[in-house]
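By letter and in written order, the chains are A, B, C and D; residue numbering begins at 1 in each of them.
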Amino acid sequence: MSENNAKHVNVLDHGYVRLNDVMGSDLTVANSARVSYAKASAELTDRDRRLIAFLAREGHTSPFRHAIAQFEIHAPLMVARQWWKYNVGSAHQEGTGDSLDAWNESSRRYVTEEPVFYVPGADEWRSKPENSKQGSGANLPGYEGEFYTRRLFEIIDECEEMYENAMSIGIAPEQARLFLPAYGMYVRWYWTASLQSVCHFLAQRLAEDSQAEIQAYAKAILTLIEPHFPVAVGELMPKGER
Amino acid sequence: MSENNAKHVNVLDHGYVRLNDVMGSDLTVANSARVSYAKASAELTDRDRRLIAFLAREGHTSPFRHAIAQFEIHAPLMVARQWWKYNVGSAHQEGTGDSLDAWNESSRRYVTEEPVFYVPGADEWRSKPENSKQGSGANLPGYEGEFYTRRLFEIIDECEEMYENAMSIGIAPEQARLFLPAYGMYVRWYWTASLQSVCHFLAQRLAEDSQAEIQAYAKAILTLIEPHFPVAVGELMPKGER
Amino acid sequence: MSENNAKHVNVLDHGYVRLNDVMGSDLTVANSARVSYAKASAELTDRDRRLIAFLAREGHTSPFRHAIAQFEIHAPLMVARQWWKYNVGSAHQEGTGDSLDAWNESSRRYVTEEPVFYVPGADEWRSKPENSKQGSGANLPGYEGEFYTRRLFEIIDECEEMYENAMSIGIAPEQARLFLPAYGMYVRWYWTASLQSVCHFLAQRLAEDSQAEIQAYAKAILTLIEPHFPVAVGELMPKGER
Amino acid sequence: MSENNAKHVNVLDHGYVRLNDVMGSDLTVANSARVSYAKASAELTDRDRRLIAFLAREGHTSPFRHAIAQFEIHAPLMVARQWWKYNVGSAHQEGTGDSLDAWNESSRRYVTEEPVFYVPGADEWRSKPENSKQGSGANLPGYEGEFYTRRLFEIIDECEEMYENAMSIGIAPEQARLFLPAYGMYVRWYWTASLQSVCHFLAQRLAEDSQAEIQAYAKAILTLIEPHFPVAVGELMPKGER
């Protein structure tokens, strides 16, 4: 594992994507397509490049399932939900959640991380798109957005206060959380996925009508993954179509 | 499809589980284990019962993947999240969500269903368990719970008001929802799963330390599925272990 | 389940595809995309048809995963291998095989079905394609093919004789089968798959450069499935592209 | 990737398992269960060990899906079939097969590897087990096995001769292979699987009533994987139960 694998991109107000680990390279894709023993070369040849282009063009996706990446992601719950729902076949593991307590072997109370919430800045509120498709239109003027940013902070404060009040009287955390404005609450998880799965996610989430917040995460994933698989990502995600 | 397949069980204050469709019966499990042509009988024999018991006991789970059930579920988001996360291999389709707008072919504005929220009654608030494991302890006395029920209603009202305010000024619904106390918000989805997957879900979610709200849904699923596969469910989920 | 669901198409010299069961219809696809309660109508409307066309065109494939079909297939092993390898996410259950013995509760010896082999007729041997791509070229003249048909019958006889000889002296069937020319040996299995998975299989296996023997099975699947989902199959598999 | 990751174990007469690549370590399992940022330590603590033991004991298998291994395997077709069939969720890629020709960009004829076959030695033929369960009983005496070893070599020779004859006259390889005694023919493939998937495979294939040939491959996999995940493999596959 070379040094430059551990990378980190900040996203939104408190989020990030971190590339934890990578298995394989462009050569893995070519070698797994061929499965010819003892032919692993250290350098990618032009023949390898043409093979990868052929595989991507013809939809022979299985060799792209033998290269793997693992990310750690910190994102609002609404982003996490979309991510999980559309990614069949990859593994997710969320830690700040329902079941962590179960494997805390000590008798000490489990100390929940302080909840952190996504709050769009005054100039980051987007209008509904004209043509009723999903996605967003132009941003609201900042003097209008200011009100919603302030009110969201106030609502979060009030909700958190009740959440803590409920916890302090001994209500189970699994119920106390009903007070939280959860769509914007940050959750953290591990995502381990094949290169095929990563590129499928990118194709969906870099699309213009995708929610802006998840687009921002997709761009971070692309930044982190492309240096490790420049040929494969280039063929699966042609620059013109991004 | 016989008449009694279309069933419905109410869960929590506004939720339900509905059995939309079923494919197969106990006989499907036995026949798919044997795959012997032209031996399909209309009645389950004792030999079939012994075969199903053998398959369940020895962990030969693949024949249970050839019987299928489809449910429609209306549940708080916090329940939906747990359901989706731990059910690899089954298909979920949520409709009241991010992407429905996309396939509304008319130019008319998409009319979002009025949000509905789960609010525990005064005597339904549960305490944190003593031993710091996940799950809940005894219920709070009603005179204490009353305060939290009332406050949760108030918070929901205030949050909804801001949500509607934001929508009315033209903020995109995908951002306006940040104001909502989403953990308790009901979502509706289709769940199509094999009998193996359904029983795996039940084994996890009927467990005592599972969250009470999802336990209630698991009981509804069991009520709906058992009449269709009495032998298979009985062997995979022995009564003593429920 | 209506009567005309149980259908059967013969394929090759001794094979067949049988549609065992179906769950859902075109309406299932539309309803699962909408997930709107109590709106299930008995008849498919034009709006439903446009929705299905939209879903297929835009690649929103998840609603197609809520309609299910189950087939029983009898095919040469070389066909079965290709079928299993490229169909991630659907369930296969083979019965005439390695493990059936395990769930035979009686003490009686497991009586293996007589092996049956695929043998191309004299005019069914195909030439290697000119341009070195996979697939086949024109058929050999019958007077040339005759020799190979006869020799294949002879080889099968000789191999079977040794297989039976080995069994008779008490060699374990799992080793005795090493004598069999297995690529052409028929195996029988159950295939339970979503409509998405079935159409993915068809798209790959109806292609011209696919092996002729598996193309024949793909055509049988299409014949059996299309009457149950005429709109969805028509949109996912446009006639012009078959 | 440390040097000792590239390892190789010979299996049967011409087979092998090679560990191509590994992603993660025992620490990956512990860290993915916790998902707590910036707590990755270089050394596994006792607390990590207890956590892994807890996860394995309680069946919380998802953290084991974030550690990945990739193998190259050379095994008889009958072993490959069992491997593929029971390993849902992992990726296989076979190269010496039906479709390699498709991505050979040159116009030169694709040169098939010489087929290689598994032939049990005179003292390696196993008897049918007494009690009619699957698996094998004691080995046949060598003076009996000698006949079957010799006959299998002869049959392979005769079959190969016809295979080559058919190829030489221009019959498509996809049909010519019908002459081959394919169950024992070696195939080569890549297998990329999570640690959970690998241990599930081992649990099934190290079992005593599993076919001896696949048991031999399972032992090779265990030898290669255990040094990389000593704690996790030890907890998931307790020595007493192997």
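The rule we apply is simple: contacts are C-beta pairs under 8 Å (C-beta built on N, C-alpha and C of every residue); 3 or more make two chains touch, one makes a residue touch a chain.
Keep in mind it's a predicted model, so treat the numbers as computed, not measured.
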Where chain C and chain D touch, do the two copies share over half of their residue numbers, giving same, or under half, giving different?
same
Which chain is most remote from chain A in terms of Cα centres?
C
Whole-angstrom distance, CA centroid of chain B to CA centroid of chain C, is 33
What's the distance between the Cα centroids of chain B and chain D, rounded to whole Å?
38
Separation of chain A from chain B, taking each centre as the mean of its C-alpha atoms, in whole Å:
26
Can you tell me which residues of chain A touch two or more of the remaining chains?
62, 89, 92, 94, 99, 102
What does chain C use to touch chain D in their complex?
77-78, 81-82, 84-85, 92, 94, 98-99, 101-102, 104, 107-110, 118-120, 125-129, 131-137, 140, 144, 148, 151-152, 155, 158-159, 162, 166-167, 169-175, 177-184, 209, 211, 213
Which positions of chain A touch chain D when the two form their complex?
1, 18, 21-24, 28, 31-37, 47, 50-51, 54-55, 58, 60, 62-63, 65-66, 68, 70, 72, 74, 89, 91-96, 99-100, 102-103, 105, 188-190, 192, 194
